[in-house]
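Okay, got some structures for you below.
Common to both upcoming complexes is subunit A, partnered first by subunit B, then by subunit C.
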Partner chain A sequence: MAHRKLAIDGLDAENQEITEQMQFMSTKSNEEVASIVDQKAAAVRAAITRGNSIEALEKALADPPYGRGLESAQSSNAQLVSEILMATRAQDIASVVANLVDEDRDVLLKYIYHGLARPAEFNCGVLLSWHERVVENGGLGSIVRVMSDRRIV
Partner chain B sequence: MGVLDEYNFPFCVTAHAFNHDKTQVAVCPNSNEVHIYQRSGTQWALGHVLAEHDLRVTSIDWAPRTNRLVTCSQDKNAYVWTQDATGTWRPTLVHLRIQRAATQAKWSPLENKFAVASGDKCVAVCYFGEDNDWWVSKHIKRPIASTVLCVAWHPNNVLLACGGADMKARVLSAYIKGVDEKPVASAWGERLPFNTLCGEFAAPSGGWIHGVAFSPDGESVAFVSHDSSLTVATPASGEVVSVRASGLPFVTLAWPAADTIVAAGYDCSPMVYTRDGASWRLVKRLGEDDRSRRSATASPSSGNSAFNLFRQMDSRNQPARTGSAADGGSLRSVHQNTITELHRDPTTDADVSTSGLDGKLVQWSIRA
Partner chain C sequence: SNTLRPYLNAVRSTLTAAMCLENFASQIVEKHNVPEIEAGNTKEVLLNPLVVSRNENEQVLIESSINSVRISIRIKQADDIERILAHKFTRFLMMRAESFIILRRVPIKGYDISFLVTNFHTEQMYKHKLVDFIIEFMEEVDKEISEMKLSINARARIVAESYLSQFV
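Our next item is the complex of A and B:
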């Protein structure tokens, strides 16, 4: 319940500036980011066909597109990550997750939540089994990090 | 390693500060009052109640040498308390000039200044103006963009680290002309007039900065943030090392010895980190190996205690009764709720003290 009838934060010009400062903005243009994702895609798919999920994930999770205005690049990168997750056999998930570095594991969790938020586009059953393994390795800390991070994928 | 002393207060302890020889402790019972307890045997006896603030007291700091207290509160005020000849604590109001709540107050190492963090996007650096017989405050404003949640002093009495809701930890100069000697040049900078920005660091995944601390030699600064991480920045080498914790976020930390950092927070156990080459490694969750004290097996981070409780309720078709389950609904840690503050011991670099929302005040030894 609001205690004030007047939104005082709107009266402060400095506030707008701060809000913008806190939003994560990408320094690259949409086209640049899209081309980076396309380049990655070929290498990632090659790794998938070789059955090397770890290499594929490391490539797909490196330098993910963050920030507003990059929605198309973001969704194609999410599709790329999801392709790897679908292609990995269920019994290999634990070892793949255990071999990821902490940083990549946190990024992977962001993509898992990205997928779970769009059940029409992604296979949530597979995502949940990945989620279980990621949280087993990274603990509650990795969930907290995804929630606190403003660099949304 | 382990618990040296444990005392249970009948209220949440939201802030605490020991005096120089740990015979007295000032605690805030989550209200507008500060209670000073006197040690008597293994117990603490209530000595004084300092009731000058109008709203909840957010921070207490006890200067060990000059035996003065500084308290600050959500009522936007800070008081410096001195004990007169009869033993009564007398408050002196500090004119902070802030328009939002004060969040944390810390005496400088020489105890001639203190810093008050606030929700007014500034840190008030206060010193005693002899001319006016009055505590004067000077504001560090730029480039702080939001509420400051924590402050820490560099051993040289000039530099100040602060962190807050703008998700940046900063090292700034709090040099006061006429009060401070010119600081010697270090990796933080050579000329350090008031409000000089000497370093700005971010956590790996953002999040509010809940606690900052300088290393004992002042060469590095460490901070904990709401993304469950501990970050150590060393300007001389340009290294910024982050450790991602597996549990819930830390809210407070201390750096008692060169190779040891202790952090604590929502996971209820103080965690000891030691230097491991360039990085830092978790070596100990304090108090969780002491099985003779606690029979519980579930740890808070595994998330199993609640699960087991529900499963038990389900399989036995029983309603939940606190303390009835095998693990008693109690955590394996000594604290049974969030740790609110962790301070290094004023007498030795091997001990720390913690206070928690469960009302416990615990003194720990961190030496192996």
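Our next item is the complex of A and C:
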């Protein structure tokens, strides 16, 4: 059927429905989610300047902005997380990761992959060293959870 | 530099996690068995694609599904000669994709070479060996290209010397 020019399955309305249903539906509106991220920013930056990476990370990884149409909130939250990752010293990374709850560690791994996909904006060397520690702690299962979770970043 | 080891370790762990494949018959056509990452029709069996990058020029894209993984590599190409060499080298390999078994004939857009590993490959071959092969490939390709560039420069110098010496 190489002469067919239309990809008919892509135009099928039912398929679109399935893809829609697989998206994450948030109980909050887009503006609420964006404002949550902005409010977190001040508290997180204060914790970074105090040198308390664990607290900063826990605040930044709570309530991640999942959903569609939230690109700006997602990228600002990712920048926040990357600031914390770069502020932590290399010797402290292992202990910070060990103190994270499982859920938070998986969200952290999602942010690490988010950053690795955008090498122009994020520091890949730092992200790769964090990736090593997180996978050491969480195992291959944490990577599988990042791949299979439909809630992106 | 010092990001090479963490980069290869990250690719290795991501690949090992992505290569958990099982047989999955096509849900669209009866009795057909198709690598779902290539067909892309059943959205529920596709996993999120992951990118591992060392810097802007070196990246690996790993797209996984229930029965197949597609691994695309962007090779570091610093100047025109390396670009030509990388293109010719990957073209040489991709034209002989059948003997490679897991190589894809055409790379994904934005990348230089792509591999397609299906559940049948993981049934016949060791998974850890497949991952070892991909990592080794990534290391070797950079070495090969710099070796070829050195030999090109050496040959060009010899040719230029012997040609221009007649005008001295």
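We adopt the following convention: the second predicted complex is superposed on the first by the 136 of 153 C-alpha atoms of A that agree within 3 Å, B and C clash if a C-alpha of one lies under 4 Å from a C-alpha of the other, contacts with A are read in each partner's own complex, and residues count from 1 in each chain.
Operating definition for what follows: contacts are C-beta pairs under 8 Å (C-beta built on N, C-alpha and C of every residue); 3 or more make two chains touch, one makes a residue touch a chain.
Predicted model only: the values in this text are computed from it and were never measured.
Asker: Looking at A:117 after the superposition, I want to know if it touches subunit B, subunit C, both of them or none. Which is it: first, second, both, neither?
Answerer: second
Asker: With both complexes overlaid on chain A, does A:138 touch subunit B (first), subunit C (second), both or neither?
Answerer: Once the two structures are laid over each other on A, A:138 reaches subunit B alone.
Asker: Quick one: name whichever of subunit B and subunit C touches more residues of subunit A.
Answerer: C
Asker: Between subunit B (first) and subunit C (second), which does A:45 come into contact with in this model arrangement: first, second, both, or neither?
Answerer: Once the two structures are laid over each other on A, A:45 reaches no partner at all.
Asker: If we overlay the two complexes on their shared chain A, which of subunit B and subunit C does A:9 touch? Say first, second, both or neither.
Answerer: Once the two structures are laid over each other on A, A:9 reaches subunit C alone.
Asker: Looking at the overlay, does A:148 come into contact with subunit B only (first), subunit C only (second), both, or neither?
Answerer: After superposition on chain A, A:148 lies in contact with both partners, subunit B and subunit C.
Asker: Who does A:129 touch here: subunit B (first), subunit C (second), both, or neither?
Answerer: A:129 sits against subunit C, while subunit B stays out of touch.
Asker: For A:106, is the partner it touches subunit B (first), subunit C (second), both, or none of the two (neither)?
Answerer: Touch status of A:106: first partner only.
Asker: Following superposition on chain A, which residues of subunit A contact subunit B and also contact subunit C?
Answerer: In subunit A, residues 18, 22, 140-141, 144, 146, 148-150 are touched by subunit B and also by subunit C.
Asker: Enumerate the contact residues on subunit B facing subunit A in the complex.
Answerer: On the subunit B side, the touching residues are 145-146, 166-167, 204-208, 225-229, 244-249, 301, 303.
Asker: Where on subunit C does subunit A make contact in their complex?
Answerer: Against subunit A, subunit C makes touches at 2-3, 6-7, 9-10, 13-14, 16-18, 20, 28, 41, 43-44, 47-48, 50-56, 59, 64.
Asker: Can you list the residues on subunit A that touch subunit B in the complex?
Answerer: Within the complex, subunit A contacts subunit B at residues 18, 21-22, 102-103, 106, 138-142, 144-146, 148-151.
Asker: What residues of subunit A sit close enough to touch subunit C in their complex?
Answerer: 9, 15, 18-19, 22, 113, 116-117, 119-120, 124-125, 128-129, 131-132, 135, 140-141, 143-144, 146-150, 152
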